[in-house]
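Beneath this line is the structure, given in structure tokens, with notes to follow.
We call the chains A, B and C, going by the order they appear; numbering starts again at 1 in every chain.
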Amino acid sequence: MKKVEIIIGGEDLHLVEELLTKARVSGFTIVPNVSGKGHHGIHEGHLLFNDMHTLDMLFTVVPEVLVDPILAGLGTLFDRHPGVVFVSDVWVTRKNYFEQYAKFPR
Amino acid sequence: MKKVEIIIGGEDLHLVEELLTKARVSGFTIVPNVSGKGHHGIHEGHLLFNDMHTLDMLFTVVPEVLVDPILAGLGTLFDRHPGVVFVSDVWVTRKNYFEQYAKFPR
Amino acid sequence: MKKVEIIIGGEDLHLVEELLTKARVSGFTIVPNVSGKGHHGIHEGHLLFNDMHTLDMLFTVVPEVLVDPILAGLGTLFDRHPGVVFVSDVWVTRKNYFEQYAKFPR
């Protein structure tokens, strides 16, 4: 399983929620009101986030097959809305919780 | 070392704290008031968490030998209280901080 | 890329921010007001954090070459200020965001 962590401006959180719902993730968690400095880098010559940006962190745990569709969607979204995404490996116990998408087209 | 991340309804947080203390973890961190949608999946035919659920995220970093006892305890707990757990690899610097349980029976 | 997660007392957060800025990280995220119990272990005979400690969690995602300098700085800082750090593997999509430090001396 893969953990996909997204940091996005609070005003754009709904766009990420819609994207994940369309990608048919089984759920996600939101950590509200995180803050950040330039996380992480430069977007079109500007610091990605400044000190005062109100950000939300959102993560979901998905089967590997869902990672590419999610990243593709985020790539398009991030062209207009600053954000950043990290992917990492996680294991879960009740794996069946997450496998309702095993039939998702590869 | 393994990072064990748990998401649980706020009303059940104390149960997880008790479980971790009994499992002799050396410490844990709580990220309060996260929100979630169906994170992650279906529990006995119902969405695991709904939009309005007040959730807490809790994580601990433990020697690998502690992972199975913790997961076994959580498995029993999750039969009655909706929750989800992820396990991932992490490294720490002052490893001795975490090795007081090296003598924990395997 | 490596994710470096740091948990520190709120009164010492600025020290970590200064350290990361000096280490030339491209950005970081702060999750404020987490709580913890003894996370994780004993510092000079005392529990590292007690129940009432107000903590902040801070993380950054950096090229591997930056991990050692950051850990060296934190090691010195943690001699006087209780804190803990975890390192894990993550992947990012727009890798160029994070590679402005590829020329950082090894």
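Basically, a residue touches a chain if its C-beta (ideal position, glycine included) is under 8 Å from a C-beta of that chain, and two chains touch if they have at least 3 such contacts.
In this text the structure is predicted, and so the values were computed from the model without any measurement.
Asks: For chain A versus chain C, which are copies of one sequence, does the interface use mostly the same residue numbers on each side, meaning over half shared, or is it different?
Replies: different
Asks: Rounded to a multiple of 5, how large is the rotation, in degrees, that superposes the C-alpha trace of chain A on chain B?
Replies: 120
Asks: Could you state the distance in Å from the CA-based centre of chain A to that of chain C?
Replies: Roughly 22 Å, centre to centre.
Asks: Got the chain A residues that touch at least 2 other chains?
Replies: Expected reply: 31, 88-89.
Asks: Residues of chain A touching chain C in their complex?
Replies: 5, 7, 31, 33-42, 47-49, 55, 57, 71, 74-75, 78, 84-89
Asks: Which part of chain C faces chain A closely enough to touch in the complex?
Replies: Within the complex, chain C contacts chain A at residues 1, 3, 17, 25-32, 60-61, 88-94, 96-98, 100.
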